[in-house]
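Letters A, B, C and D mark the chains in the order given here, with residues in each chain numbered from 1 onward.
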Amino acid sequence: MFDKLLIANRGEIAVRIIRACHEMGISTVAVYSEADRKSLHVQMADESVCIGPAPASESYLHIDRIIQAAQNKKAQAIHPGYGFLAENPAFSSRCEKEGIVFVGPNSKAMDLVGDKVRARQTMEKAGVPIIPGMKCVYKKTKEYEKQAQDIGYPVMIKASAGGGGKGMRIVSAPDQLKTALEAGMREAKSAFGDESVYLEKCIQKPRHVEFQILADNYGNIVHLFERECSIQRRHQKIIEESPSQALDDELRNQMGEVAKKVIQATGYNNAGTVEFLLDKDRNFYFLEVNARLQVEHPVTELITGLDIVQHQIAIAAGEKLNMEQDSLSQNGHAIECRIYAEDPENNFLPSSGRILFLNEPSGPGIRIDSGIFQDCEVPIYYDPILSKLIVWAENREMACERMIQALDNTVILGVKTCLAFLKEVISSPDFKRGDTTTDFIDQHFSDWSSMKKDPFTRELSLMAAAFLSQNQRYNDRSDEKDKREGSFSPWKTLGRWRLGRSG
Amino acid sequence: MFDKLLIANRGEIAVRIIRACHEMGISTVAVYSEADRKSLHVQMADESVCIGPAPASESYLHIDRIIQAAQNKKAQAIHPGYGFLAENPAFSSRCEKEGIVFVGPNSKAMDLVGDKVRARQTMEKAGVPIIPGMKCVYKKTKEYEKQAQDIGYPVMIKASAGGGGKGMRIVSAPDQLKTALEAGMREAKSAFGDESVYLEKCIQKPRHVEFQILADNYGNIVHLFERECSIQRRHQKIIEESPSQALDDELRNQMGEVAKKVIQATGYNNAGTVEFLLDKDRNFYFLEVNARLQVEHPVTELITGLDIVQHQIAIAAGEKLNMEQDSLSQNGHAIECRIYAEDPENNFLPSSGRILFLNEPSGPGIRIDSGIFQDCEVPIYYDPILSKLIVWAENREMACERMIQALDNTVILGVKTCLAFLKEVISSPDFKRGDTTTDFIDQHFSDWSSMKKDPFTRELSLMAAAFLSQNQRYNDRSDEKDKREGSFSPWKTLGRWRLGRSG
Amino acid sequence: MEYEFIVDNELKKLNMEQQGQSHSIHMDGHEYLADIKSLSPHIISISIKDRMYKIFIVRSKEGFHIQCQGDSYFIQESDQDEGEIQSSEEKSRKDMLNIKPTMPGKVIKIQVNEKEEIKVGQTLVIVEAMKMENEIKSSINGTVKKIFAAEGDLVDSDKPIMELEEKTE
Amino acid sequence: MEYEFIVDNELKKLNMEQQGQSHSIHMDGHEYLADIKSLSPHIISISIKDRMYKIFIVRSKEGFHIQCQGDSYFIQESDQDEGEIQSSEEKSRKDMLNIKPTMPGKVIKIQVNEKEEIKVGQTLVIVEAMKMENEIKSSINGTVKKIFAAEGDLVDSDKPIMELEEKTE
């Protein structure tokens, strides 16, 4: 096993990986940009190295500086998290060249699955069902226009190099194609450093169902069942769950076996996710392989009891998978809500600023993977995910109720968040019924506005504001200090007396 | 199912029960003493009723006032939590008389198992192995002296009416018996309102192994496997885990079946715990039935995936058990640490005061059942349990590592806690090896002192104090306000603009 | 005592008087008798008829940031920002002419020039923040009066990027 | 700048000087170059040679309450409590004669009377707090000089319940 590992990421996922390392007895090196000196991941790691200015291109995407930090600190391995360099084959092959273990797939497999277009070709050959669409990338708008015509509108623009909704656009008519292509390419460039995009047929009202995979370096592959991630806004998942309401054991086994075939056909190792679209007639299509740890991995951890990050590290260290497909089972139901700093009333535009007050829920079946703390700054430079709230319960109905309570007990003041929105989605009859397709938000919540707030909570808030105006004692620091001093201080009487002994 | 339930308790367990009710759609009524107006459970319940002054005898132990609160609020059921009136047959039979459902065993069974002496008689008849000792209660010290002589020193004094270490004393020689009896009787009186005590043979170096039971109102009984609770100080558990390192499947099944026999023999229903002492030769002795939800129930919840509180309420509402013994299994490993406001360097004397700063850990496999929040007061009147930290992991080794990390990330300033002590116990080679007997603390940690602190953390603390002395800006409220104002405020620009729409 | 607050663009008046241990509150024709306590610097507990409500609150110079039972509010004292109480229409009109980003970010592309004629729905500028692009479109027919930012500039959320002039027909 | 603190009954001297973005610290013959930042009013981050340490700290009138990597400290400024720096022996001597409860609680039983002779190990008083009884025993041979509390009284942790007088032989 490694002695020391560098985490080439920030935020909640860096914190998650550092926790796993500490539990495994592995020393951790965090890297950070100048905007992140005070961030949580920097504080939690054993060592932290500043790798450059705030813009990601000069820090978290800067391969040379990250490699250098690893070498200076003698880290034997690098975990890339998700986003940034996680699916960048240049980075993983650079690690290989420098003799640093990359916690993820080998660069050849990453290269293959990362090129969404080549991956589609490979899948077609292996007999895996794929969505009709382009099988190579072009340079000219004209060629895209012709392809779109052949595929038939509406078409989907997708970044060849990555996922996460970045660069993704639905185009329903020819006259929107050019602008959408340009925007998609710019976003792809900014997110992945590669502007290539391709077109696919738009499947109507699909569910997004994906299978988590673990594959060791010796050809052993297991799937850890599915996650359904149909609830998306701006083509980005916000709510994920397992099991999916759309799968029965037969379909689950069938898709799971196809997912393993995908991994085998691409020579993929370590943790990965095979994404499918499932249409209403239970046909499923290969979408892509996410060659990384995913944001929603905790959902699978809760229903299988496996620590995916620890298994990733063990696999990277050359250990064999210590489980068989038949020994794995899904227990209960898990749901994840991503808590973003964003404004659901304003098309989910990101928000930034200082967290003025934070309360995180706790109790049975509640897990928080958080990247924030009270008084921390949420910088404008990076993905606005603050934390993830994941609940587990015996069944889906109980999990929904638990999530609603947990969201109610999550308080974040100072930046806008999607908390109230998430609560309404989970509480909606359609969600509770399990009628979840990728157009769910557009269909049911396109006009959502928190202005439908309870008039009574507004009155209570006004009372609280009046009370605080009247009664400044808590805002007056000296008075607060007095209150504290008045209370009993255990240190005043530092243990001279012992119970039942001679004093 | 009930529409409304009253919780006759306070602190973390009241919070736990309120959460369960909210998830089940049941409205909650909290009761509180004048010392608890600002306590967490009062804030979380749908309604809260003040039932009297701070001393428990005038509030949480005051049957009339609690019954009246339930009647005024039209609560159909009362959950007593643990401690206070939880095992008071007068209370449960009063509930029965008033037509309020008591969430716990029927008063007849409670009466029987609550009288430790009669319970011992019943068990002996049913063929359940019991510890040699008194089979009835006496009035005079003389009679106890004679009994002690017959049993043979060392003997254990135990409260006839309750558990939790209250009233318990080990007496190793005749001349200590009288004082110990008096103290034990006073403590028993104060804790349970009944001063009766009895004597048992002291089993040397036993493990404390208990079985969680669920029994519905129709004679269906399952056990939810064991918890080992050998790590105790002052005869009170502080660390609990499941599975026990001392049990194999054969012994587990055997003890589980005996536990179910105990429940059957006493006509017990609802959730309960059958406690055993297990000696080093794998002999086990019935100790007592805890006729209530226990502090350590989360350990069992984590390894079985069952929500014991919700099942308690369902059983009380007349539902049938929806599980069979064969369908239950133990998954992974769970450990609980009780976080008390107490001073481990000073014989675990309770501490009280204001929580000046609080940080609770989070992340994979971590559960917090908490009764506190930052700036709350810990009153001197009640049991000093602040919260419970429970971890789950794939196996015991991983669970220990996770607990150590979680303890490190738990910060409580303002009252003394046993955090550092718990960490040293979990980290000790003996604990890791699973060599856990009820004399563990006395044997390995009787001289524990946190003065063995790392000199470097002391230097860091001094630097922080110097920095704060130098740099008062955070203590100067006006300056802090300035900082906040300087940051971007999302409310300044309350949504007029919408992305991709006409502004 | 009388209080005037602005919340959700509305002016709200409230009267609160200490009455023994409790507060008597009048607001919008409603009357409440409430027991109000600070649980901590940022948590206030309001008890009305045995029901307890927890209000999370932080006061900054701009106003009160509040969350109550999942609902978020931003409340300003009305005397603090007299000029702010303008009709919603007036405000929205001003916003239509002064193009600001909804959040701090970087100007990626300016799609128009000064003096250029523009139509409703035309994209004016693309701003990127947190890896997302946001197109700001015109909601009027008219001309671009003045552009204050250049491509590549970091812009703040409350400073206009450009000013428009409406065509009067 | 020079600082003097009392921690764990020891006097500690520390010199801290700003040096660019960092602080240079001398203490006990050790020298550190540290980057010190406030993460929040109660969290301080100290970075020394790429290692970051998080110190949780609350300042009250009595001193600093601190937790650092699981270790708890209470630190007092030495000038604040000049009288407090007395030798451990002297302090412990005073404590032996002034019987205080270790925590606030209720006096359950007073086992001695004023003027009564007492021996080492003899139980003087039983105090209950949080449902636990604590016997306070004498650590001297002598007499009870004065009793300040009665059975049933609520007593504070820093006020003596009784005063003893040592027998001088």
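The working rule: a contact is a pair of C-beta atoms (placed from the backbone, for glycine too) under 8 Å apart; a residue touches a chain by one contact, two chains touch by 3 or more.
Quick caveat, the model's predicted, so the values are computed rather than measured.
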If I rank A-D and A-C by number of C-beta contact pairs, which comes first? A-C
Relative to subunit A, which chain has the most distant C-alpha mean position? D
Just the number, please: Cα centre separation of subunit C and subunit D in whole Å. 50
Between subunit A and subunit C, what's the gap in Å when you average each chain's C-alpha atoms? 30
For the pair subunit A and subunit B, the C-alpha centroid-to-centroid distance in angstrom is 36
Would you pick out the residues of subunit C that each touch at least 2 other chains? 40-41, 58-60, 65, 102-104, 134-135
Numbers and ranges of subunit B residues touching at least 2 other chains: 343, 346, 349, 351-352, 356, 414, 416, 475, 480, 484, 488-490, 495, 497, 499-501
Flag every residue of subunit D that touches subunit A in the complex, lowest number first. 9, 37, 39-41, 43, 45, 47, 50-52, 54, 58-63, 65, 74, 91-92, 95-96, 99-104, 120-121, 134-139, 156-158
Residue ranges of subunit C touching subunit A (in the complex, touch as defined): 1, 3, 5, 7-8, 12, 14, 16, 23, 25, 27-28, 30, 32, 34, 36, 38, 40-42, 44, 46, 53, 55-60, 64-73, 75, 77, 102-105, 108, 126, 128-135
Which positions of subunit A touch subunit D when the two form their complex? 37-38, 42-43, 45-49, 73, 373-376, 481, 484-485, 488-497, 499-503
Touching residues of subunit B toward subunit D in the complex: what are they? 56, 166, 183, 186-187, 190-191, 234, 343, 346, 349-352, 356-357, 359, 380-384, 407-408, 411-414, 416, 419-420, 423, 450-451, 453-454, 457-471, 473-475, 480
Quick check on the complex: what are the subunit B residues that touch subunit A? 15-16, 19-20, 22-25, 298, 301, 305-307, 309-310, 331-332, 343, 345-347, 349, 351-354, 356, 360, 362-370, 377, 392-394, 398, 401-402, 405, 414-416, 475-477, 480, 483-484, 487-490, 495, 497-501
